[in-house]
Structures are given as C-alpha cells and as structure tokens.
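In the two complexes that follow, chain A is the common piece, with chain B as its partner first and chain C second.
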Partner chain A sequence: MAIVEFRDYTWKYSRTKEPALKNINLKVEEGTFVGIIGPNGAGKTTLAYSINGLIPNQYYGVRQGAVYVLDKEVKQYRSDELTKLVGMVFSDPEAQFTAMTVEDELVFGMENLGMGVPEIRERLDWVVPLTKIGPLVEKPPYEVSGGQKARVALAAVLAMTPRIMVLDEPTSMLDPISRITLFEVLGELKHKQSNTIIVVEHSLEHLIPLADRMVLLYNGEIVLDDETEPFFEQMETILEHDAYPPEALRFFYEIGQKGYYQGPLPFTVEEAAQKLEALWQGGE
Partner chain B sequence: MAERHPYIEVRDLVYRYPDGTLALRGISLDIYDGDFIALIGQNGSGKTTLAKCLNGLFKPTSGDVIVEGLNTKNTSITNIAKRAGYVFQNPDHQLFNNNVWDEIAYGPRNLQLPGGEVQARVEETAQVVGLDEKYFTEHPFFLPKGLRQRVAIASILALQPKAIIVDEPTTGQDIKQSLDIMDFLLDLHREQGHIIIIITHDMPIVAQYAKRVIALGLGEILVDGPTRDVFAQPDVLAKTFVAPPQITRLAQRTQHLGFDPHTLTVSEMMEQFQRLIPGQWLGQ
Partner chain C sequence: MNKTILGYVPEESPIYRTHPFVRVFFLLVVSLFPMCIAAPEWNFILVILVILLMRYSRIDLATLRFYVPVSMSMGSIILISYILVSGHHPEFIQLASLGPIRIYFERIRDAIVVYLRVLPMIFITVFFLSTSRERDIIVAMRSIRVPFVITYLTAMALRAAGMVMEDFSIVRQAEQARGYDPVGKPIAYKLKQWVMYMVPLFALSLRRADEFSNALVARGYNFTGVLKAPKRADYVLTHYRFHASDAAIIILLSGALVALMVLRYRYGYFTLEGSLTSALLHRWLLR
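Showing the complex of A and B:
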C-alpha cells in the first residue's frame, strides 16, 4: 500500500509567479527508502513540506490535486495526528529546536505524543547512543557544533519513531565523518525498522547505497523516478538535469560508454574496485 | 628571483575562547602570493577560528599573525580587513544592510573613501561577482542563497583585499552552483592575483581547485602540503576525519592494478584506465 501519494499535485507559493511543483504524481510504498535529488530550486523542499503539512498549513499559496498520507489527504489531518505519522529533519536544524537542553529537546516531542515516562526513558536509551549524542544531553541545543546539531535533530525525530521520516538535506552542515555517521544511523533504521524514509540530498555518495528508489526533480517536475539501479542507467538524463552521481559511478558509466564495461553500475568504492579487478582478470 | 616573503605569517598561534575552550594550540604557517589553499578538518577542528585570526577579527591569545608586515595585535580590524577579507559561512551572519548597494558600499565607506570611489568600487565588484545592477535596490535577505553569497563576497571584495578567505563557499549550494562559485574564485585568483583560502568539507572541490591543503585537527596542523600529496596519504588524512575524494579512494584501492594513488579527478582516472587496461580489450 502507498503510504504517501501525490496525485496530480501542483503548488504555487503566493509570492512567486511559477509553481514550485507541477503536476506531481508519486507513490511511496511503506518501508521504502527514497532519495529525492535535483538542483536547488527544483522543488525538493516544497515536496518535503507537502508531506509533513507545513504546506498548505503554514504557507500561503495555491494548490491543485492532493497529497495523501495513508488514506487521508494531508490537509484533512489534525496537526498532532500528522506529527505522529510524519517526522521531519530540516536542513537548518536550529529551525526545529525549542528546548533548553538536548535531552528536553528529545523529551518534548515524545511528551507531545502523550508517551509516559517509562516509554520516554526506554526510547532515550535507544536513540542517544544510536546517534552518539551521549555527552551532549545536558547542553543547550543551540550551543553544540553544526554536526552535533544535525544529530540532535535526527535523534529528536527518531525518538518519536514516526512511520514516515522526511529529511531535507540533513548533511548540508556536516563534515564528512558526521555525514557517514548520519547515514549509518539511517542504514540501521532501514534494516531494523520498517520506517519509510524520504531523504532530500545533494551528496549522493552515502545516499545511493541505501536508497531503494530515486526521484529526480527539475523545475518543479519529476524527470526520473525509478528503482536505484535502473535509475542510474539513465545517466544522460541525470547529467542533463544538473545532478552529479558519485565519481566511481560516473567513471564506470564513462568506461561503459567506451565499450569496456557492461553491467550494473557500482554504488560504492569497494564495488567499483571489485569490478575493475574483474575486468583485469579478463571479464566476469 | 628574490626571496619569497610570505604575505601572511602565523607564528605559534594559540587562541582560547572566553569560555576557556582552547581552539588553536600553536599554529605556525606561511601563506604566499599565488596560494590557493583549502583548509580542511572535522567540525570543531579550529578552521573558522583560524580564519577569523587571519583577518584580525580574533586577536591571538598568544603568538602572532602578521599580514603584509602588520601584526594583527596592534592593527585595527579595518586595516587588516582590507588585506585579508573573510566571507562568513552563512552570508546571513554577515549581511545587515537594507539593500545590496549599501551592503557592498559599507566597507569602502568605512575606509572613508570619497563618494566617487565608493560608487566605482560597488559597481566594479558587483560586475566582478556577476551581480546585476537590478539587484542594487533589493533587500539582501530576499535574494536566493547563491546571490546572497555573491553579495557577501562582493562586500568583502569591495575592500580589495589581497587575500580572500571564504568559509564554506559551497554549503547549501547544489553542485552546479558550487562549481560556479569556485570558478569565480579561481578567476579572482588567476586574473586578479588574489590569494584564495577556502574552508570546506567538499573533497572533490578541494581536489579540483586547491593547490595546497592544510588539514587541522583539534586546533593543530596535521598536514600541510600540495593537494595531490596530501590526498595520497589516507592514513594521515584519517586523523583529520576527512576522506579523500571517492575517485582518489578508488585509485588507491586499485593501486595494485597500476592506478596512481595521487589521482584527483574522474578524467585523470579515465586517462590511466585507457593506458592500463589489459591487452584483450584493445580491440574494442
């Protein structure tokens, strides 16, 4: 069953002339990990906000078509119902902090969902080590470093364990190691839980090995929407629309173009290395 | 050729924040005319603190920073800033005027330049950064991020500093925008002779643009050298919590096939591939 569905959905902010999203049709099945890519201005954040209800509840604009979460239109939900279902991690995590300490920040969301103390404790014990924020729990969230803020923001959303998690450029403030940590956490979630995870991201190296499916947006429209492997077989379309696949993948695409390689494109350095070794040994 | 004098000299620089945090633990380095430097390292390694010491915003707790012969300890910020300009990571922390023209004119006015010269500098720098005159009357905050970044750079350039330090120029930009900004900095470097220092987590960008890499870790310099040499030492880099670009890692992982561990770009990898590919493929 589709847990999120866009049906002929168009959204135009009142302050702009052109719609930010045009006639979007997109179905996300429960439990899938979806990567949303595309250049700035393509409509990625608008798409994310349309799932968690920020659009149309907090923004002025004109809407056609509809977005459904489960079997109900987003705008039909009470905001607390929708918060339980859809958790959002923003690209600027400060935008989401409200509490005086990191721990209160995590507790706040759970209390709002009506959880009791034992359950809150149990979830803290799970989420704090998972996101490696143990040393930070007593600190004010706005005083920790950029990379730590992103992990706190993720932890706060994870603690509520929403069925759908939407992350809007979660790594844009992070150093490479914090990026890896964040995607490790997402990978663990993907494998151990059945959450639906939708990630808007520019940095594809860590996203691609986890994604079941990729969507390329450009100028408010869906240009490509496919399972990850066939998605990258349409490399020309991807490159034409200012999306840049990871270097190892691009390298294999190029040697494929020259006739040296046929087969699935590698998503990691290790996969790429093994494919090169196989080539050297005279083919697979 | 005469002996090379550094444009900026940093000697045993220690910086301690008022709250006691020791951010820089004895940094010494020379920055020369012709340098294009990437300052890399984990979040919290001291990169931004060092940058703010270079332009005199922060005065050393001990040690010295000497910019074109002037010690930042006893020189006004204005006097240092016209030699070493610092562009903030988040342009919104830097921009504060009500329109773009005033924003760019602020520095030159502060230098108490005559009105005609102020006007000339605003128009000239706007042109250099590719900012159309139609934006002069706009409020900086209502421009898209890419343009705000250009305004921030223009406002620093208007002071005509020899050295330009840009803190995370590509954060929040998509790849095409990142390349545009970096190409622009490269032009400033090549055509106008500016020393460029970027702070970044984006290793493909470092590989493509920087001639020299300085990696910081916990307030100390871990490695300082030509980009190609630094990326060829993954074990040293690991201490900085930074990984080389993906294509460099692939070349290092396949060194036994003949690939050069100093490889920096996909096209370099491609050249080697065509040279190295075993005989049975040559008929292709």
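Showing the complex of A and C:
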C-alpha cells in the first residue's frame, strides 16, 4: 500500500510566477527508504513540505491535484493527526529548536501529542541512546555542535514515532564525520524500525547505500524515479540534470564511457576499491 | 559547572538545593525590599547581604567588577538628573550654585536614596541571573500552574533574544569583513550604519520566525486540539522536587516583606528622617 501518494500535484507559491512543483505523480510504499535529489530550486523542499502539511497549511499558493497520506488527503488532516504520522527534520536543525535544553526539545513534541510522563520517559530511554545524544540532554540545544544538533533534531522527531520520516537536507550544515554519524543512525532506523524514510539530500555518498529508491527532481518535475541500482544506470540523465553523484560512482561511469569498465557501478568507496582492485588484477 | 544566564556556577553550589521557583520568588520579593526602605544605610546592608549570599552560592565574585562601570554611570546619571531637572522647594537648603544651576542638599540626598534603592535591585538581579538558567524561569512558572501557552511564549522569547543577538553579531562581522570600521567616525555616520544593520537583521528575523513556526507546527504545536486538552503532561517538572526547606524560605521571605512593610509604614522605621546616612550627609555638607 502507498503510504504517501502525490496525484497530479502542482504547487505554485503566491510570490512566484512558475510552479515549484509541476504535475507530480509519486507513490511511496510503506517501509521504504526514498532519496529525493536534484539541484537547488528543483522543488525538493516544497515536495517535503507538501507531505507533512506545511504546504498548503502554512504557505500561500495555488494547488492542483492532491497529496495523500494513508489514502487521506493531507489537507483533510488535523495538524496534530498529521504530526503523529509524518515527522519532519528541517535543513537547519537550530531553526527548529524551540526549547531550553535538549531534553525539553525531545519532550516537546510528545507532550503536544498528549502522551503521559511514563510513556515520555520510555521513549526518551529508547531515542536518546539510539541517536547517541546521552551526554547532551542537559545542555541547551543551540550550544551543541552541528552534528549533535542534527541528531537532536532527528531524535526530537523520532521520539514522536511517526510512521513517515521526512528529512530535508539533514546534512547540509554538517562536517563529513557528522554526516557519517547521522546516516549511521538513519541506517539503524531503516534496519531496526519499520519507518518510511524520505530524505531530501545533495550529499549522495551516504544516502545511496541506504536508499531503496531514488527520485530526481528538476525544475519542479520528476525526471527519474526508480529503484537505486537501475536509477544510477541512467547516469547521462542524472548528469544532464545537474545532480552530482558520488566521485567513486562518477569515476567508474567515466572509465566505463571510455571502455575500460563494464558492469554495475559502485555506490561506496569500499565497493569502488574492490572493483578497482579487480580491474587492476584484470579480473573485470 | 552549571551554565547559567550570566555565567557558570559549580554544580555542587548550595543554591541548587532550592527549587527554581524559590529563586524566582527571591528575585521578585527581595527586589521589593528596597522600595520599603528609604534609609540608604539599610539598603547598603541589603547589598552586602546579597553579596554574602553570592559568596555562599559559590558565584565567582570577580564577575561583579563588570557591573562597576554600569553602577557608577547609573549613579552619575541619577545625581546629575536630580541636580539639574528635579526642581526645588522654598525650604530646600542651597549648598552652591554653578551659573544658573542651584545645588540643593535635599536633591543630593534624594539622589543617594534612589541610587541605593536601585543598587540592591541590580545585585539581586545579578544574583538571580548568575544562579539560574532560562529553563529555571520556565520551571518556576509551570510549578505555579501558569498556563502552558504563556510559559512557552516566555521560553520562545528568551530563546529568540539569544538568536537576535547572534544574528546581530553575524551581520556586524559581515560588515567589518567588508571594511567597515567605525573607529574615529562621526556619530551621524555610526548611527547611519546602525540603521543599515537593522535591514538584514529584520530580514533574518522574519526568516527565523517562519522557520520557528514551521518547526512548531511540524511537532504538533497548535493553539487548538490536543494542546487545549485539560491534561498535558509536564515532563520537565518531574525533575524537580519542592522540599520543606523551599517552603520555609518562601515563608521566611514573605514574612520578612510583611514585617518590613509593617515596620516602615506603621512604626516609621527605615525612614529618611531617622537615617544615619542622611544625618551624616547633612553634617558633612553643611559644615
């Protein structure tokens, strides 16, 4: 069953001439990990906001078609109902902090959903170690490092146990180590929980190994939508539309174009190293 | 060390044995004490008591030196204001005259009275801000059942103040990085630059407000629906216990305020007429 579905969905912000999203048709199955990629201005954030109801509830604009979550139109949900289903992590984690300590930040959403103290305590005991923020709970959220902020933001949403997690460029302000840590947490979520995870991301190196499916947006339209492996077989289309795949993948694509390599493209540096070794030894 | 609004205080400080509400209560009630006391020497004793309390709470007293320039400027402004613009009474005793300005004994005395009323309030506020975090203010409000919406708006206001300061610092650094140097420039130039700071700051604030609003909605915060339900768990409060000693401090402070008011307004203690400072000042200035 599709847990999220865009049906002929078009959205134009009132302040712009061109629609940010044009005639989007997209189905996301429950439990899948979907990567949304595309250059700046492609409509990725608008797509993310359309899933959790910020669009059209918080923004002025013109809408055609509809977005459905669990077969009910997003517009028809009460905001607290939708919050239980869709959790959103924003690109600037600090901007979403509204509390005085990390713990208050984690608790805020759960209190909004009407949970009692025992349930809140139970969820804190689960989410704090999962996101590795144990030593931070007493600190003000805006005083921790960038990577820690991202994990706190993720934990605050996770604690509400939404069925769908939407992450809008969660690593855009992180250093490489923090990116790895965040994707490790997302990997644990994917493998241990049954959440549907939709990640809007520029940095593909860590996203690709986790993603079941990739969607390429360009100029408000879906250009490519496929499972991850076949998606990257269409490298020409990807490159034509200003999406920049990881260096290792790009390297093998380029040497493939020159006739030195044939076969599936590597998604990680480790895979690339193995393939390079095999090439070096003349095995592939 | 515990990071407080004004600095750091050791975690083992005895002040943390008190409930945050007691600290807010201390701020509100003890700040009223100087209003009931006209005699400057008693307010001076109050300042000393607050400093002793700071020492007991293990606040680094060296930080008080930051407030010396502020205290001195404030004292000067009060004195000048009282001499220049507070008028006079036919019975006032003139001490001297500087051209058209006549200096009266009563005005200097009144300036000292006011200054020593404000000074304890500053020390009490510094004491409070040195021993409390933003969260303590919210906890104090929630423990007396202030509606969640109000406590949350207060929390957001405290949070927003820090964000605006941070944004201001970024904008200023960006200006300086592009060669802006106000040193030696006329005041009109500096004022114009300050107005220029406001434009990006305003735009940033709007963006912040937008992001804040999105973050609240995304986590189910709404002025309707579940939030309006009668029972909303308050997890934060589960960390704090209200002890018998807290109640005792509150009773003691309330009692002290009542006693002070009775002594002042019924029995005439702490008045200017019986003030030792006023008598010494009178003797010294009118020698």
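The definition used in the following text is that the second predicted complex is superposed on the first by the 282 of 284 C-alpha atoms of A that agree within 3 Å, B and C clash if a C-alpha of one lies under 4 Å from a C-alpha of the other, contacts with A are read in each partner's own complex, and residues count from 1 in each chain.
One rule holds in what follows: contacts are C-beta pairs under 8 Å (C-beta built on N, C-alpha and C of every residue); 3 or more make two chains touch, one makes a residue touch a chain.
Here the structure is a predicted model, which is why all the values come from computation and not from measurement.
Undergrad: Report for A:27: first if it touches chain B alone, second if chain C alone, otherwise both or neither.
TA: In the superposition, A:27 touches no partner, neither chain B nor chain C.
Undergrad: Of the two partner chains, chain B (first) and chain C (second), which one does A:202 touch, if any: first, second, both, or neither?
TA: In the superposed model, A:202 contacts chain B only, not chain C.
Undergrad: Pick one for A:255: touches chain B only (first), chain C only (second), both, or neither.
TA: first
Undergrad: Which partner chains sit in contact with A:282 here, chain B, chain C, both or neither? Use first/second/both/neither.
TA: In the superposition, A:282 touches chain B alone.
Undergrad: What is the contact status of A:273 with respect to chain B (first) and chain C (second): first, second, both, or neither?
TA: first
Undergrad: For A:39, select first, second, both or neither according to whether it touches chain B, chain C, the two together, or no partner.
TA: first
Undergrad: Give one of first, second, both or neither to describe whether A:132 is in contact with chain B, with chain C, with both, or with none.
TA: A:132 contacts neither chain B nor chain C.
Undergrad: Quick check for you: in the superposed arrangement, does A:63 touch first (chain B), second (chain C), both or neither?
TA: neither
Undergrad: Taking the complex as given, what residues does chain B use to touch chain A?
TA: Residues of chain B touching chain A: 41-44, 144-146, 171-177, 201, 203-204, 241-243, 245-247, 249-250, 253-254, 257, 266, 269-270, 273-274, 277-278, 280-281, 284.
Undergrad: Going by the contact rule set out above, which residues of chain A touch chain B in the complex?
TA: Where chain A meets chain B, its residues are 38-41, 91, 145-148, 169, 172-178, 202, 205, 242-244, 246-248, 250-251, 254-255, 258-260, 269-270, 272-273, 276-277, 279-280, 282.
Undergrad: So in the complex, the part of chain C that touches chain A is made up of which residues?
TA: Residue list for chain C touching chain A: 3, 133-135, 138, 152, 155-156, 158-159, 162-163, 208, 211-222, 225-227, 229, 231-236, 238.
Undergrad: Contact residues on chain A for chain C in the complex?
TA: Against chain C, chain A makes touches at 49, 52-54, 57-58, 78-80, 83-84, 87-88, 90, 92, 95-101, 103-104, 107-117, 120-121, 140, 142-143, 156-157, 160.
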